[in-house]
Every structure is written in C-alpha cells, then in structure tokens.
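Look at the two complexes coming up: chain A is in both, with chain B in one and chain C in the other.
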Partner chain A sequence: MSGAVEARPVVAAPRTDIAPTAARQARARRHKIGRALLHVAAVALALWVLFPIYLITITAFSPRDVVYDYPKRVIPNQFSAETMDFFVNSTGVLGALWNSVVVAVTTLVLSTLIGAPAGYALARFAFRGRDAYRLMVLSTRAFPIVILSIPLAVSFIDWGIYDTVWSVALMHTALAMPFTILITSSIFLGVPKDLEEAALTLGCTPLTAFVRVVLPLALPGLAAASIFTFVLSWNEVFAAVILTLRERTLPALVLSALNESPAPFRFAAAWFMMAPSLVIIFVIRRYLLGLWGRVSR
Partner chain B sequence: MNRQRFGWAPYALLLPSLAYLAVFFAAPMVQAFGLAFQDDGGNWSLASWRAMFTDAQFREALVTTLILIVIIIPVQFALALAMALVLNAKPRWPGLWLYLYAIPLGVSELAAGILWFAVFTQQGWLNSILEGLGLLDRPFIFLDYENQGWLILTIVLAEAWRATSIIMIILVAGLQGIPRDYVEAADVFGATFGQKVRRVILPLLRPSIQVALILRTILAFQAFAVVIALAGQGMTVLSAEAYRWYSDYRDPHVAAAYAGFILLLSVFSTVLFLWLLPVRQEQAT
Partner chain C sequence: MGHSSSDSDLRLSRRAITRRNLVRAAGLGTAGLALGGLASGPGAAASPLGRGAGFPRRSQDGDSLVFLSTQLRPVEEAEKMRGTILADFEGEVEFIAEDTGPFNDRIAAEAEAGEGSVGVIGGQHGDFASFAQDGLLTDLSDLATELQDRGFVEQYLELGRYGGEVLNYIPWMQATYVMVANREALEYLPDGVDEAALQTSLTYDQLATWAGNVNEAEGQKLGFPAGEDGLLHRFLQGYGYPSFTGGVNTTFQNDDAVAMWEWFAGAWEFVNPQALSYNNMDEPLLSGEVWIAWDHTARLIGALRERPDDLIAFPAPRGPKGLGYMPVVAGLAIPKSAPDPEAARSLIEYLTRPEVQATTLREVAFFPTTAGELPGDLPEGVQAEAAAVLQTSASEDALQSLLPVGLGDQGGAYNKVFRDAFQSIVLDGNDVREVLTEQAANLQSVLDAAQAACWLPDPEGEGVCQVG
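Coming up: the complex of A and B.
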C-alpha cells in the first residue's frame, strides 16, 4: 500500500520542479525527434497508399501506345484521354456502367427503406426479442457471399429474373441490409431521446416527431451510411458475375473479359472503378470512425 | 412510455427486414446445403462433395487459400497497427492522414488486383523503376505460374494495400476508447514506446483486434478477383473454384459444395478466434 503511494512522487517529481536544465533540454530534443519521426512515418504510410494510385492514374491517362511502352516514365511527358476513351467506348462498357449505377442505387434505396426502420426500432424501443434480433443480424456477417450467390442464381432462374439488374440488386440488398440495420441503429442512438419526447409532449404524433425532429438530426449519418452501401454494391463482383450473363455490371464485365482484354482496357477499367473511392471516402471521412468503429462492437 | 403506447410498433418496424432476410438470406443458405447434398434428380447424395474432394484443383485451391490467409492477415495487422498508432499520436493534419489511409476502403478487390498487375507485369512499373535505377538489365517476370512464390507475394501486397484500411479503422476506433490515463501512467513509470504498445495498448485493444480478425478472415476466404487479376489461370483459390464450377462447368451442386466448404472454414476460424482471444465481459463494450 505505502509502496504504491510513495512510488509516484519519487518518479514523477524530476519531471516538473527540480529537473536540471540540461535534462529538460534533452527531453525536449527527444520530443522533437519523436514528432519528426512520427511525421516521417505518416508520410511513408501515405506514400504506400498513394504511389500505386498515382501509377495507375498516369497509365490510364497516357495515349494508348504509351501504355505499351517499356520502360515506363514515372513522370509522364504526355497526357491524353485516348485510353479512357477507348475503354468507355468498348463494347458493353456503357451498358455495364449504367447497370452498375442502377444496381447500386436500387440497393441503396431498398436497404435503407427496409433496414433503417429496423435500425430505428433497435435504437428506440425496449421490446422482447430485441437482443435475439440484434444477434441474428450480427451473425449474418459470418456467412460468406459465395454461399448465397449460387442458390440465389438457381432461384432467380426459376423466377425468371436471372440475368437482370434486379436480381443483382436484390442480392446486394441482402448483403448490405445487416450493415444498414446496425449502422442506422447506432445513428439513431446518437440522436438525443429527450428531443423526440419533447416533441411528443408538445403535441407531435410519433410520425411527425420522427420526420421533423429525428430525421433532420440523423440525416448526415444516414447519408454517409447510404453512400457506403452504394460503394459496397459498386465494388461487388462475385455475386454480380454469377447472377448475370449479358446484363453485366461494370466489375462483372471487366472480370469476365479480363483474359481477352488488352492492357489499356484493363488499366483504364481499374482506374475507372477505383476513382469514385477517392471522392466518396473524402466526403464521408468524418463518419468513417463512427460507421465502422461502432459496427465493430 | 414507449412500451405501453407502441407495443406493436417495434415489431412492425422490424418485420420488413426480417421478411427480406428470411427470403434472400436464410432461405438461400438452406438451399445451398440442399444443392450441395443433392444430385440433379433431387436425391440426397454425397456425389458433389466427392467430386469436390477428388477435383484436381481442390488441394491446390485449399492450400493456396490457407497460405494466403496465414501470410496476409499478420501483414495487414502490422500495417494497420502502424497506421492506427500514427493517427493516435496526434500528428499534424490528422484528418488528412485518416483520409489517405482510408482510400483503399472504397476500392474493389478487382480494381486493386489490376492496379497491382500494372506494377508487377513484365513491362510494368516495378521493372521500369528497377531498370531505371540500374538494378536490373532486363525485365524480370514476376507473374509466372511456374513461380508460385512471386505470385503469392504479389497477391499478399495487393491485399495488404487494399484491405488494411478496414482493420486500421477498427483499431483507431478501439484506440479512441482507451483512456489517456493508462498510457500516461506508463509514461510516468518510464515505459519505452515498445513497452507501451505491448503491455498497455495491445491488451486493451483486444476486443477490436478480435472483431477485425474475424471480419478480415471471413472476407479473405472469399477473395478471388484479386487472384484472377494477378495470377490469371496460374493460381486458384476456393472461391475461384466455386465460380469456375458454376460458370464454366454449369454444375451448381459442386459449386455449392465449394461454397459450403468455405462457410465451414469461416465458421471454424470465427470459433477459433473467439476461443484464442477471449474477451472479458467488462472489455466487450
């Protein structure tokens, strides 16, 4: 007992009052070196992420014959939209791009419309079966996409919607829904309950209290979550390539044509699929920790 | 108050999602096992499983999948921990670094695979740069199916580049939950940086590490576009075999057996991590 009480002042004392100037200077110097090293590490890790992105970007915006050049120039001397133009106007690309957008928007709308109410119920009501429901939603994460795609493909053939954008959107909604439910529940938890109850006592119906009070406060978070759902669908390739033959989404088209496609096509495709991420992650950067940090608990 | 006034409301709100997940999640899951354990005539049989286990590609796919996971996950964790510690040390412009480190979070497996293909292909960036530096006389062939070691290394790099972000985000969120006092107390007692990480930070991060491990491992079992993009036909993994059996051989039964096998491995690894890294109740929140 006494040991613990005494230990602290003995070690801590030199830090503040009676430290000789030399020692203090040494500590300040060490602190400065530490900060410098920290920023060197920060820059090095950033370069690890950015350098490959830089390389694919200058490849995608070189003229087509320069894409085949060897050795390549790390600092390019000519820019051109020729390679991107070739990719976008290749057979099927515009159609696949449109399909990807339709699938991702449908997924976003469906999973928000169906998932957000469940998230709200989890956040606001204490009801029997709440924990069981939460656990069920959490446990869906243990099941791989691979196992859903194949039986769904068989069902979609029976239902006559195989090889349509709707079959892919239905599948992506099933993948995104657990995520949407958990995220929206944590977003609604972040809206103070008092405000909603105040609205109710002031004569709002539950619906108007939700629309006029809760929704405006939850909207930024909900928007960030929906954007992430869009990304999830935009990037998904296994289900998309299993569920379609002609109505490909962009990743499904690129994957199925990978072996036959020339290098400029591939590199432009990779840049095209990657580019939205640069913007989207920037837009939702403030919400990232909230979104994934909370879901992981 | 809510409970009395809206006794039915939460159930009404849950119902659509429950119905949706029943039709598009639970039912296919059951059907998958039906497909895997039945033949074309609908009779119960183990033929698909036998076909899978005796498939010439099965062994290679399983071994490659496991090797990739065993190498990729530690590399990703080391990298993610470095990023998380940098962010946690309050550098200048914290938002900028977080954004840059998180960019790959939105990049697909396929795009990342092609991106690294551009680096490693014979007339690609790595050879260009190495030649420019005078380290090579002529292009080295990294992506050669006779050289599985290089193929694995390139896939590991691509996956470490792409999927480290998600672990980083989970670890940063976990680090924010560690009270400053603990680390400061270690400072007072003169702990070195390494001691602080090993003795204070990592043990307190255990719940986040467990979640990230489980999530990443399940996703790693499904990775296949990155393998196809980098190795083409030169290398195969379990989910690529499921895709091949469905699309090329038109046999949903064997494909479902592969998918079921991946599910078993996923569940097994989840249980393994829960058992290896038990999280005490008071830590779990």
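Coming up: the complex of A and C.
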C-alpha cells in the first residue's frame, strides 16, 4: 500500500517532469522565434527611419558635385562643409534660428501658464458644460487656419505687433492650447486626489497642496507636454510666414526658398532643420512615457 | 516565488526610474521656465505691443526699404540680389523673397489695414493681375515717362496696363524658355541635323526622332517639367500651339491642333516617366536621368552653370507655323500702402539702370527688359543660355506669344484647361478630337468669365476672345 503509494510518484514524477520540459522547450523556441522576429522588425523600422537621416547627413556634408552623383554612394569618400557654410551664412539664417528659439520658448511658457490651470480645472472640478468645453477646445484645432490668414495679418497690423516674434508666439500659443489643455488634464487626472486631500487635512491651503503635492508628481508629464509644444512651434510654418516679413523664424525663412533651391542646399537645410529636433527628442525620450500617466504609480 | 521576486524587482526599478525622472524633469522644467523668463522678460518689460519690442537684431523699425519679390527665390539668387545687384543702391534695402500665396495675402492684408511695410514688390505679370484688378498698385505712368531713356520694350509697358490706363508695374527683367541637351545625346542626332542645325533649324519632328534614337540606345531621356509646379502648360500655350497652329485660343481645336497633340503623344513615349514629378529640369539634367529637356531659362541655368562643358543650350524647335516662343516678363510695382513711395521709386530707377540690368543678367541669368547690348563678360553657362535666347528671338520664323493677358484670377483655370487636355490625351490616351471639343467649352467659359480679349499669337481684337 505504502509501496504503491510511494511507487506512484516515482512513476509519475518523470512524467510530470517530461511534459513541462517539452512544453517549456516548445515555448522557449516559440519565444525565441518571436523575439527574433521582433528584432528583425525593430531593425527594419529603425533602418526605415535612420537611412534617410543618414543620407541627408552625408549629403549635407558632401561637396556640391557629389550630391548629383547617381547612384548615390552609401559610404562617402569625401567631406566638405562648403554648402553647410553657405547655408548657415546666408542672410537671415542665424537671426531666424534665434527667432525660432525665442518664439518656441515663449510659446512653451505661455501655453503652459495658460493651459495647465485649464487642464487642472478640467481634471479636478465637475462643472456644468465641462464636456462641451472640452469639445470646444478641441474644435479650434479642426478650424482651417489658412482661411484666417488675411484677417489675422490685418488684426496684427492694427495692433502693431505684425512682423514681430511676439505675434508668432501668440499665434503658436493659440495653436498649442488645445493640445496643452487636454494633455495636462490627463496628467492631473493621473495624480491621486487622495494625496491632495490628505495634504489639505494636514494643514495645506489648496494652493500649497497644489504646489507641494500635485505639481511635483505632475512635473515629468508637464515637462514632456511642454517640450511637445516646443517642437510644435519649432515646426510651424504657415502662421510664421504670414505674420512675419523681416523677423522670420527658421522654417518660414527656409521653406519659402527651398522649393526652388538646388539639391545641395535642400540637404543642408534639411539637416539643419532636423538636427535640433533630433537632439530634443534624444533628451526627452525617457520623459515621453510620463505623458501616459506613469507618474501616478 | 521566482515570479513574485521578479515582479517586485520590476516594481522597484520602475519606482527608481520614476524618482530619477522626477528629479531630472524638475531640473529641466526649471531650466525651461528660467529660459522662458529670460526670453520673455525684456520684451514684456518693453511693452510687447511696441513693434519689434526688445529685439536685438533689428536696428530701428522702418529704416530700410522692404523689397518683396516672388522672383529670385532660390537662396543663391536671393543672396546675389542682396550682395551684388543691390550693393550700389544709395539707400538701405532689404530684399525678401516669398512664395506667391503668402505674397498675395500679405499685400492684400496691408492694403486692408491701410498700413504697410512693403515698399516695392517684384513679380511676374501674372502675380500682379489681381492687385491691378483691385486697384492696389500705384500708377507708375509718370515714372515710366521719367525713365524714357531706358528704352523699355513698348509691348511690356502695354502689358503692365492690363488693358486699362493705370501703369501697374515697370518692366524689370525677362526670361524665356529654351532647350538644353547633354553632349552625350548629340551622337544620336537624326540624319541631316548637326550641332549647328540644332541652333537654327531643329523641327519638332526631328526632336521626336532624336529622342527616339536616344530611347533605343539609352532609354527614355527626353524631359518636360510636368510636375505639379512645373511649367508644362507654358510649353503648350507658348510653344506647341503657336508652332503648329499659329495661334492658341482661336486655333484650340482645329486640325493643326490635333496634329500638335498627336506629335506630343508620340514624343511622350520617349519621355522619362519621372517627368510627372519634375518641376525644374536642371536637376534631372545634372543627374543624367534626362538628356534633352525643355524648360524656363531660370530653371535650367543651375545645370548650365554647374556643367557648362557637358551641356548645350539651343532654341525650342519650330513647327509648321514657325518657332513659337514665349517671353516672360517680371515687373516692379509700388503698393498704395507703401510706407515710403519716394524711396520705392528710387529703387525702381536703380534696378532699371543699364549697368544694373547687365549685372542682373550676369548674376541671376534674367535678361534685360531695356534696350542695349548684352555684356561681354558673362559666365560660360549664362553665355550659352543667352546665345540660345538671342537665337530664338532672332530666328526669321520666330512667333512671339505673350503670357495670358487680362485673365485676372482666371489664370489658374486657364492653365488647368491645358493641363487637363494633356492629362487626357497624352497620359490617358483618349481621342484627341473628343477631348479638344470638351476642353474648348471649358476654355471659352474661362475667357468669358475673365472677359478677356485675344492676345498674341492670336489676332488681337475687341471683345471676348472666341475659341476656335
């Protein structure tokens, strides 16, 4: 009896051992294949994005006649800063670069200062017309800005801020606002209300509770959102073109000329426009996840 | 057990990342805010409503004359305008090149606001059409009289009146269309055509045979700018139609027009299929995708400058009715909203001086609109192009067409008729007569809408031009 009882596990043991091993091996194999496919897909995706960037970069730093060579060399055999030098020293490029930075930073600050409180209100308070308000904020994005160009320019001339960086920054702030409000509201939603209430019971005023408890938790998300605003402003062309004449931002200055400029300059300009965005994305990529509310965990 | 441990590891590391992020992001946020404070601080202090408030690059507002142009947009040309052509102007002038879209909006907006910053505008005849119609431009008749010794081409001054009394612009520079070929294509020239004959007697049939020979040996190497921003419609309006039919609108659907379209559909077999994406022909010529191309002189000069030894320029071919060609005129105008009309007038005076016109040709390859000989010291590429242009207008069978006159805002619709006919006949292979009958109705409604009289090469006359 006891022998039989003991015997059973002896027989059973190898069986239970074999089955999981086979299953595990099969699973491991499938896992390996899955991982390999994932890697191939990742590499393909990376190449798809990186190869054009690579081509732009090597062409931007090639001598002029090499740019027209066909088929293109994948590994360049000569470098030259000639076109890059011409591009950077063309009239207005450095000034426009500075303008772009001023406009983008001003937009970032203004839209955060105005948009974040609106987002907070949407996240924390139940008020009549909240959904309508949310929809209204979004609907401004659906409005085609192109048909506004002449009235906009006329108004800015009347107000005396036409052709200044401030007019572009104001316009960009308006354009970025729906984005800022909706993103910040989702960030504030991710901060537990309990923490705020606890702070209130422990002697904080609503303001200090916000500054000392909510803000630190929301900051990574806010930083990511505001850097998105920066990039949005950096890349915006239409408003910048129509509202400025002498105080061009970089995209406004470059894009009007690019269409009809020879290939070497297009590559130089493309590289010049692309590089700052790449740097910014490298800096912020780890904060981007914060957008989806990871901070609250 | 293993499970729960890895889970808590995960949680731990996640928390670690979160905390590290918090610290960094806080730093970043503060830096951003500080930067923003710096940037917006002085501006806000110096009243953000002041023009150009607190901005370091600008010396003083309204000092310099703004010269806004739809011409010379490419960076290199704009730089030459600023650095060389405008170098000797007595006042301070800021040259800004801009696309037609924002250009139109800006002038309209400044007119509406009654306060402008643009002093002089430069553009093609067509760019000014809507301003002329709305009366946004200063009458320059007296300036033209003052500058009589320049010897402006009388036809061009007439163009600037848009059929009315007001002279809306002063002719500034002109361009036209020529052909450029790679020297490698020369060995495939048809019998009886040599390099000299290319300059003086090439016909459309010979061009097709030539491109066919090249096609047999090397592939489709003929090129036309049929891209979205290409000027293919000008080929039809100023070259194909006049050369085959002797007219444009009045001969739109006759037998000669059918012959032209049949020629074009046949020649298209030898055209590089990429042509539908070509806007400028200089790059396909440089890369060797195309060996024989037709385009605007300004859109070919890049290739001729880059490789003057490998490329040759020659006039467009001639058809049964002659060598149709189309000069393109750019003009200078002063908007009524200009801040300093006197300075604007002196800039126009400067730009039309013979020596400045010569510099313009040398630097940016646009031709003078005034009497006088071409300068002798032209760069090789410009020289080649200038020779082809002179050869064109000097040809005995030359047949001049004007850019569409008096169409106003119907200019785009007018071009669309020709592009649509091209699409339908040449690309889709539809019946030529059927398509022409259909498009003739469209063309007539465009002309009716614009109330436009016929222009060269059609017989000029009173009343709305009738499609034939």
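Points to keep in mind about this one:
Assume the second predicted complex is superposed on the first by the 216 of 297 C-alpha atoms of A that agree within 3 Å, B and C clash if a C-alpha of one lies under 4 Å from a C-alpha of the other, contacts with A are read in each partner's own complex, and residues count from 1 in each chain.
FYI, a residue touches a chain if its C-beta (ideal position, glycine included) is under 8 Å from a C-beta of that chain, and two chains touch if they have at least 3 such contacts.
Every value quoted in this text rests on a predicted model; they were computed, and no experiment measured them.
Legend: residue contacts after superposition of the two complexes on their common chain; A:242 is shown touching both chain B and chain C.
For chain A, the partner touching the most residues, choosing from chain B and chain C, is B.
Contacts of A:220 after superposition on the shared chain: chain C is touched, whereas chain B is not.
In the superposed model, A:143 makes contact with chain B only, not with chain C.
In the superposed model, A:280 lies in contact with chain B only, and not with chain C.
Using the contact criterion defined above for the overlaid structures, shared-chain residue A:257 touches chain C, although it does not reach chain B. In the superposition on chain A, contact of A:134 is made with neither chain B nor chain C. Once the two complexes are laid over each other on the shared chain, residue contacts for A:114 go to chain B alone; chain C is not touched. Shared-chain residue A:46: touches chain B; no touch with chain C. Residues 68, 70, 149-150, 153-154, 241-242, 259, 263, 286, 294, 297 of chain A are contacted both by chain B in one complex and by chain C in the other.
Those residues of chain C that touch chain A in the complex are listed here as 14-15, 17-18, 21-22, 24-26, 28-29, 32-33, 35-37, 39-40, 43, 48-53, 55, 57-58, 66, 68, 73-76, 78-79, 82, 94, 96-99, 102, 105-106, 108-110, 112-113, 115, 117-118, 229, 279-280, 282-283, 286-289, 299, 302, 306. Across the complex, chain A meets chain B through its residues 8, 11-12, 15, 38-39, 41-42, 45-46, 48-50, 52-53, 55-56, 59, 68-74, 113-115, 117-118, 120-121, 124-127, 130, 133, 136-137, 140-155, 170-171, 173-174, 177-178, 181, 197, 206, 231, 234-238, 241-242, 251, 254-255, 258-259, 263, 266-267, 269-271, 273-274, 276-278, 280-282, 285-286, 288-289, 292-294, 296-297. Of all the residues in chain A, the ones that touch chain C in their complex are 64-65, 68, 70, 86-87, 90-91, 95, 98-99, 101-102, 105-106, 108-110, 149-150, 153-154, 157-166, 216-217, 219-220, 222-224, 226-227, 241-242, 245-247, 256-257, 259-263, 265, 286-287, 290, 294-295, 297. Residues of chain B that touch chain A in their complex: 1-3, 6-7, 9-11, 13-14, 16-18, 20-21, 24-25, 27-29, 31-32, 34-35, 79, 82-83, 86, 89, 91-92, 95, 97-112, 114-119, 121, 123-125, 127-129, 131-132, 139, 161, 166, 169-170, 172-174, 176, 188-190, 207-208, 211-212, 214-215, 218, 221-222, 224-225, 228-229, 232-233, 239, 242-243, 246-247, 252, 255-256, 258-260, 262-263, 266-267, 270, 284-285.
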